[in-house]
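Going in written order, the chains are labelled A, B and C, and every chain counts its residues from 1.
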Amino acid sequence: MRDINNYIDKLKKLNFSDMYNNDFILTWEKTRDELEAVFTVADTLRYLREENISTRIFDSGLGISLFRDNSTRTRFSFSSACNLLGLEVQDLEEGKSQIAHGETVRETANMISFMADVIGIRDDMYIGKGNKYIRDFSKYVRQGNEDGVLEQRPTLVNLQCDIDHPTQTMADMLHLIHHFNGIENLKGKKIAMTWAYSPSYGKPLSVPQGIVGLMTRMGMDVVLAHPEGYEIMSDVEEVAKRNAQESGGTFTKTNSMEEAFKDADIVYPKSWAPFAAMEKRTNLYGMGDMNGIERLEKELLARNKEHIDWQCTEELMNMTKDKKALYMHCLPADITSISCKTGEVAASVFNRYRIPLYKQASYKPYVIAAMILLSKVKNPAELFTNLYNNPKKRKFD
Amino acid sequence: MRDINNYIDKLKKLNFSDMYNNDFILTWEKTRDELEAVFTVADTLRYLREENISTRIFDSGLGISLFRDNSTRTRFSFSSACNLLGLEVQDLEEGKSQIAHGETVRETANMISFMADVIGIRDDMYIGKGNKYIRDFSKYVRQGNEDGVLEQRPTLVNLQCDIDHPTQTMADMLHLIHHFNGIENLKGKKIAMTWAYSPSYGKPLSVPQGIVGLMTRMGMDVVLAHPEGYEIMSDVEEVAKRNAQESGGTFTKTNSMEEAFKDADIVYPKSWAPFAAMEKRTNLYGMGDMNGIERLEKELLARNKEHIDWQCTEELMNMTKDKKALYMHCLPADITSISCKTGEVAASVFNRYRIPLYKQASYKPYVIAAMILLSKVKNPAELFTNLYNNPKKRKFD
Amino acid sequence: MRDINNYIDKLKKLNFSDMYNNDFILTWEKTRDELEAVFTVADTLRYLREENISTRIFDSGLGISLFRDNSTRTRFSFSSACNLLGLEVQDLEEGKSQIAHGETVRETANMISFMADVIGIRDDMYIGKGNKYIRDFSKYVRQGNEDGVLEQRPTLVNLQCDIDHPTQTMADMLHLIHHFNGIENLKGKKIAMTWAYSPSYGKPLSVPQGIVGLMTRMGMDVVLAHPEGYEIMSDVEEVAKRNAQESGGTFTKTNSMEEAFKDADIVYPKSWAPFAAMEKRTNLYGMGDMNGIERLEKELLARNKEHIDWQCTEELMNMTKDKKALYMHCLPADITSISCKTGEVAASVFNRYRIPLYKQASYKPYVIAAMILLSKVKNPAELFTNLYNNPKKRKFD
């Protein structure tokens, strides 16, 4: 049963002191206790909002968002999270500001951060760039704070990079925790993170990488499936292996979608571009070869076509545990006969899971808010006790 | 005399319980009591702001704006209304988010609404599309709320569609109420909603339609005047006829601007494109025929030229009641010799009415805020009593 | 020692009553007391923020920003200032709103200001335009307020025009006040405002003009150095002469960078385009001659090249007082071998002064907030006493 005291008791048992005044960049840099703290704080924030209790921990302050490609969902999730805590969002649009990489990142990081409590960055298209960019930003604002330039140290939140997509995968896991009625019930569950056919474009690797990097933390049986040649970063595979060993789960790979789906409790079929192609794209981008990138994109789609049978069909779903594995997707999906002729998933499957899919997405603002809160508030248990006992209405009714 | 108790007493006498947790899409879907509630709440909000009393009913929360064409005035009115109530505005820019119609509207509606208390949509250029889009959004977020995806049900506010422009026309009427010193004094007043010549582009129908649909509610004599061929939607004409009958007013049509102006108390000369042309544009758009749209636009302007004598001149103004009818416009106007060579209105007329025109516009933020408040607050009379008796300053002075 | 009572005592001694409900457009329109009030309020706001005390003087309200060219730094400084005081920022993007000069400025000024407490405008590229635009805006909103259209009179803040850049130069001076440990210690200090070579584009005149217009107020020895032909506005030179006479300082001009640097306590080397060229650009713009503007830009860069030796090198720095003058720049700088092949400043000089440069920039949000506050609050000493004695936390910790 949902009860504020359960959340508060849980928080009191967890050790997450290192999260204070710190960033959230990769899930595998966090301890299990720290991950559980995020889930618990996210659930508490949602509970308080549903009880119409304000969770503003800021009277004023800015949340800066820096998106290096178009985004609706993540943009709104970040805005919602900031608003929930009392921060106003200011977008840093690079088109408007002509920021370049290199020396000026340091300057930009300081110039936008005079009042910034949090900076969310999404930079996922180029291998070796996005994660580095977030870490550079973090380093520079930490220095700016130490040098007396910045009054506070802004928290960096990774809103998707070339390596991980922690706000997505943590929301995904919170969805699983609710679906299976407790984090302890994830142990032993089989999850299939599989490649799926897409006719649209070469998609980033951060979701499959983030999923195998996170789901292996909880003793699950994680299967990564893709056609030959669609490898993800080998470093992340190593992380997944190590995680599985430590948590008492497994991490296996296969080139068969059927094998992955067989008896799975959860399936996560989603397209991505091969790591080697992503690297090639990065190099072409570095040389400014836009024609080369366009050619590469065409090659990728042609190559995808060779694996057009990698679709999440009803037949495949029937192979899963009791024929009713939980279908997951980070959205938007390429849905056969709806958003495209042939895509990642059959319309009947997608439509049957629409409500769970939307719920899955609905955890993201709370997860982001939890990451911010844990970096800003030393004693969340005390905070929540105060908020609950001296409630301020979020909305007059 | 303005007095908080007058407003509160008035609210207590009105029945507007259906507005709670509901949308504002067309004025003719609302009862007369509900319309009066909007005017009364708008006046109260303005009064409290002028008394430097905060009217924040939200401690946090988002107002989403979705504009499908450029807009300054409506954008700022919506922002102002949200800010007045304590909501932060987040724009959904379709260029940034690649939303398509159809299946994905449902998904978008849910994905942007996790913290959304209100969604304002402006979509006025294509017949049969804009109003439907607003209603689809409304349906999907209501479902999202019922399904447990959304913690709250966001209120939809129509910021201009292909059928009506309720935030404009309600502000227009509030201006009339103040000008004529009471809603009861509108009865029997003659208002001329007339077409006027414009050299700029084929303008939407929502204002003339909204005006005849609303002004006929109050027992006014509403005259719709336009050249032959410049018809508005026949459905809306039916609404106006029915309204006039019920309210004890009249609704008449003429092809003569002089006839419309004769003895009018109020004139509203404004250009629009013929309904048939708007439908044609919609079909061309549906076929992706942008050249066809450009050709149509040229035809429209050429056709407008045949009626270049439909201008609001001093001569025409002299035909109105006591030669001093109230001139209205939703702005911006095509002003002869100022914003164009020949336009909707003579510069001398426009300049003489500049202050009333700006006042007319100034009601819009309060009208929008009233629409939001009536959907969010069950007992506004109680709210206002509280705000007034335990005032919080909007601005420290 | 920083102490809230020092700030409050200082404020009590200054006369700045004319700033209430007024604009901030040019520093030389303000008395010395008024300038000191800005510095004192800025310092107090920073102090309170560092003490985690909220300085929200607005419960709701809008700050409108109107930038006529791209900007990151000023945009974020303005947003930060507004947020610090409790105002939400709404951008007026002209691309989105199609505002023209002339008649419609009056209309726009009113239409965006229904809830606007402050309007920040940046319009620096065309001589004779930007300052006028700000003053027009101010006049129209004042009229709108008097006419009963606007409930409040928005404060205009000049975020950079063709004549002055007061938020920059006031932040610069606040940096000097802290660097030299008191405004009284500026007297007799030599500051070199010198032209420097840039390969990027013809930069505005507002910084050098603003610097000589402001620094001459405090009894400093202000030297303006530039190659022949790179004159600034002669009107501003007259202002600087008069200021120097009144304050007991000096204002001299030279065509030698060495002479300017010799024994200087402060150096501010920065590129700008000659006034005559800026005028020519304005005329070309007026005629819509974009090719002409492009040609002019090329001529300007070619002409700059003739003075490629005007760089802030270590040799030049060694000529300054004790070889360690304070190096200043409004950022971003053209840094030799970092942001360009050859630019305004040597990398070793820039890097040595990076932290002071960032601190210099960090005063801007507080200076802007002080300008707004002094226009909105009649008795800031009383305000700060209240905020300090009944503190509300900015951030729960």
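Note that in this section a residue touches a chain if its C-beta (ideal position, glycine included) is under 8 Å from a C-beta of that chain, and two chains touch if they have at least 3 such contacts.
Just so you know, these numbers come straight off a predicted model, no measurement behind them.
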(request) For copies chain A and chain B, work out whether under half or over half of the interface numbers are shared, and give different or same accordingly. (result) different
(message) As a multiple of 5 degrees, what angle does the CA superposition of chain A onto its copy chain C give?
(response) 120
(request) Round to the nearest whole Å and give the separation of the Cα centres of chain A and chain B. (result) 41
(request) Would you mind listing the residues of chain B that make contact with two or more other chains? (result) 88
(request) Would you tell me which residues of chain A are touching chain B in their complex? (result) 46, 49-50, 54-56, 70-73, 75-77, 79-80, 83-84, 86, 88-89, 331-332, 335, 338-339, 355, 358-359, 361-362, 364-365, 392-397
(message) Please output the residues of chain B touching chain A within their complex, sorted ascending.
(response) 57-62, 88, 90, 92, 96-99, 102-104, 107-108, 110-112, 114-115, 117, 144, 147-151, 376-378, 383
